[in-house]
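Each of the next two complexes has chain A plus one other chain: chain B in the first, chain C in the second.
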Partner chain A sequence: MKRKIDLEKTVYAVAAIAFFFLLWGFLTTFTPVKETTPGPIEVLQLLVSSFYTPIGSKVIVGHLLVSLRRVLVGFSVATIIGIVLGIAMGTSRWAEAIFKPIFELLRPIPPIAWISLVILFFGIGETSKYILCGIGAFTNVTLNAYTGAQNVDPELIGCARMLGTSERDIFFRVILPSCTPQIFAGMQVALSTSWMAVLAAEMVGAQEGCGWMIQRGSDTLNITLVMVGMIVIGLVGMLLATLMRTIERRLCSWNIMEN
Partner chain B sequence: MNEYAIQKRKEKIKFGIVSVISLCVFFGVWYLCTAVLHLKPDYVLPSPVQVVEAFFEKLTQTAPDGATLGGHILASLQVALTGYLLGAVIGIPLGIAMAWFRKVDMFVTPLFDLIRPVPTIAWIPLMILWFGIGLGAKAAIIFVSAFVPCVINAYAGIKQTKPVHLWVSQTFGASRREMLFTVAIPTALPLIFTGLRISLGTAWMTLCAAEMLASNRGLGYMIQLNRTLARADLIVVAMLTIGVIGTIFTVGLDALEKKFVKGGRRG
Partner chain C sequence: MSSNEVKVKVSHMTKKFGDLLVLNDISFEVKKGEFLCVVGPTGCGKTTFLNCLTKLGVYQLTSGEILINNEPVDLQKHNVAYIFQEYSAFPWQTVEENVAYGLKIKKRPAAEIKARVDEMLEMVGLTEYRNYYPNQLSASMLQRVSIARAFAVQPELLLMDEPYGQLDNSLRYKLEDDLLRLWQHTGTTVIFITHNIEEAVYLSERILVLTNKPTGIKQEIVNNLPRPRDVTDVAFNQLRDKVTDLIKWW
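So, the complex of A and B:
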């Protein structure tokens, strides 16, 4: 019975994807859409050739690595700061009273809205990209660490305290483990926001990277390049999300949040 | 107990004062770094006073970016709401249909999973090509960004309906339709609202990107154009406006949620 359902699912999935490509192919060969939009075969050809023919200064893998480095630097630094700040706000009322108003003031501003100010401040070099990716990650991580640390079951803390655990141990063995799943949930979102922020930053001002690639395609009316860029960006985004989920399984196997 | 309450209130006042002081220090340091010490030139980091002045000036003046603040806000709202409403109106029923009808699920989910990982911002050049740089392209981009969270959350919401509830309604003779409308959808409502909230956030964020790349009006355009004019004070005004409007949206949605979602847990 189970196998029959699986088979049915596969058939439907294959049919759906075949339908998608056929529709795409049909629209781009027989309708006016073909004036503007390349078909699946052209896109596939460029995707394959972009691995050895450079676009601008680099082949596609080079652009990917540039974008990934920007994301990872910004994301890691922001995550560390965010976790520390979030947990501090969640556990100490002093920290909460001091940092929360400022945080709440800046939080609603989307990371992309920072682009102009950051570019004026730091130029269009690498620093401004790191910072934009960092802003993208920071709010999500901080917010999740904060609510995670705040919602630790007080009974657990009271229990540990009653049994004579030192405050340090309470922090490292009760509070930290019980907010880890929530922090990871925040990091998941943060990583995809960072990935989005780096694209925006590169589209606005850069000489290399995935965002630059699609912007360049758009500027030179090379729509095939735009679509290749979109495919690669989507694949890498998916890969990053899978990676985070794997790390999460390893690190908090005792408490996977069910979504 | 009474003494405890008084002490609690005292604490609340104390930390309230700390918060106010902290905000004052924040603005004080900002003022000190800019207006007094001039660590960075005005066109890079304006002082808070300049920002307030620019705000009032912008209420009536159209220079240098072609519209008053109100004009930009209206342009942005029009784009954002068009795209967002379309995304919600199409996304939520689609998510519900995907979760409720097995065949729709099996056919649409692979397609959805194919499109979903591409960040909305990457769609911008394609949408501009298809719809021009008018309202259409930007609304289409916002539509994509609002659509995805709506579908995912409506889907997850319907899927979390307890089979027992469905069985009970079936035992009492409910039709398939009644089961959907009286059991499954009310169960899904809190998650649907979560989807609406998330997609509002992403829509508002995507709007900035869309307006930065192709526009001649709107808050994102204001940010972008004033960078080339080196008017950092107007950039900060636009950023804060975006933040304030985003907050108003969130508060409004929360109020709607409280009104429509009965009982049950949130999120």
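So, the complex of A and C:
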């Protein structure tokens, strides 16, 4: 039964994507859209050739790796800070009183709004890009760790304490595992926000990366290059999300297992 | 089962929330290996009573003291286990890991942990579910996990707060029998809080009947009915009616 549903899902997915490409091809062949927009074949040709012909200083895989490095560094550092701060706010009234108001104030500001300030303080080097990616991840992880820690079942803590668990161990044995699913949900959103932030960061003052490719295409009126950049970003974003879901399924199987 | 050695001694236990007097100067003793049931009218403060015994969270006594083996209660030192009204199995651990939890915390050798866990799972009938997570189990199985986890540490004192309150009757009978078997097997001292009088008469060696708030002890009833007990037996029903009369507030 499950295999049949999986097969149906795959068929629908392939059909939907095929339809999208057909529609794109149709619009860029038979309508006035063709004056401004390249068709799917043109874009795919450039995509394939960009694997061996450099765009700027690097081939497309090189640009991708640069962007990925920026995202992963920013995301990792922000995730660690976010988990610590979020759990601190969720478990200590003092930490909540001190950090929550600042956090609530900064939370709605999107990473793009930080670009000028970050460049002002850290220049246009790699640090700025790491920081912008980090800002994107930080708020989501912190918020989820905070809510997760707040919602830890007090009976579980009581139970662990009764069985002789020390206060320090209660953190590692009860609070942390209890909010892991929430933290993971936050990390999933955070990773895509970071991925979005790296593009914004690379569109200003970068010499390489996926965002730079789009900006370069835009500056030289090379819309095909813009679209290649967009497709690569979409594909990599999708892969990252799938990777996170796989890790989550392994680490939090107790929470998502079907009955 | 009980000996003459005093396991728990509660003297002048008093608890106030602001000006509200909830527990009023309660004193009693529990013998080693005894099964004590505590019953009382609804809302009489049974859970506050138990929370004071365990000093969980904010429930510090206003006055009085609780001694285990003639020493003030210290959860790191005294081997006390607590089974809650709600299901309290750790959802991120399998049945087996849950049962082993207390033993790991107490740093027992691996071989001992394995042997004890196997024994406990066998006794509560969860051996074939040892690798399941709590979200895959039914309500009664979850409560059996909590019971196995509590007995696994061979507690000197086991506190139970209406553990079967949310289960239907047939499951409750089954778990009550499981509990009696474990108690007889391990010789643990048990304080069992319930609003179900039949349950108290079925399980206990002695029943403590509480008054309405401010809560005090209305009467202590020794329950010498022979085991296994029969809920349809005349003596059983007489005792049940006697306790019912004592907690009547209507």
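By definition in this document, the second predicted complex is superposed on the first by the 238 of 259 C-alpha atoms of A that agree within 3 Å, B and C clash if a C-alpha of one lies under 4 Å from a C-alpha of the other, contacts with A are read in each partner's own complex, and residues count from 1 in each chain.
Methods note: a residue touches a chain if its C-beta (ideal position, glycine included) is under 8 Å from a C-beta of that chain, and two chains touch if they have at least 3 such contacts.
Note that the coordinates shown come from a computational prediction; the quantities given were computed from them, not determined experimentally.
Just checking: does A:Cys159 make contact with chain B only, chain C only, both, or neither of them? Give me first, second, both or neither.
second
In the superposed model, does chain B or chain C contact more residues of chain A?
Touching more residues of chain A than the other partner does is B.
Per the contact definition in the header, classify A:Lys100: touching chain B only (first), chain C only (second), both, or neither.
first
Please indicate which partner A:Gln207 is in contact with in the superposed arrangement: first for chain B, second for chain C, both, or neither.
neither
After lining up the shared chain so the two structures overlap, which partner does A:Thr29 touch, if you call chain B first and chain C second: first, second, both or neither?
Neither partner.
If we overlay the two complexes on their shared chain A, which of chain B and chain C does A:Asp169 touch? Say first, second, both or neither.
second
In the superposed arrangement, does A:Met196 touch chain B (first), chain C (second), both or neither?
A:Met196: touches chain B, not chain C.
Kindly classify A:Ser178 by the partners it touches after superposition: chain B alone (first), chain C alone (second), both, or neither?
second
Which positions of chain A sit in both the chain B and the chain C interface?
Common interface on chain A, chain B vs chain C: 259.
Which stretch or stretches of chain B touch chain A in the complex?
11, 15-16, 18-20, 22-23, 26, 40, 43-45, 103, 106-111, 114, 117-126, 128-130, 156, 201, 204-206, 208-209, 212-213, 220, 223-224, 226-227, 230, 232, 235-236, 238-240, 242-244, 246-247, 250
With touch defined as at the start, can you tell me which chain C residues reach chain A in the complex?
54, 56-57, 75-76, 79-82, 84, 86, 88, 90-94, 101-102, 105-106, 133-136, 146, 149, 153
Considering only the defined contacts, which chain A positions touch chain B in the complex?
Residue list for chain A touching chain B: 8-9, 12-13, 15-17, 19-20, 36-37, 93-94, 96-102, 105-117, 119-121, 192, 195-196, 199-200, 203-204, 211, 214-215, 217-218, 223, 226-227, 229-231, 233-235, 237-238, 241, 259.
Write out the stretch or stretches of chain A touching chain C in their complex.
Residue list for chain A touching chain C: 153-156, 158-166, 169, 173-174, 177-178, 180, 252-255, 257, 259.
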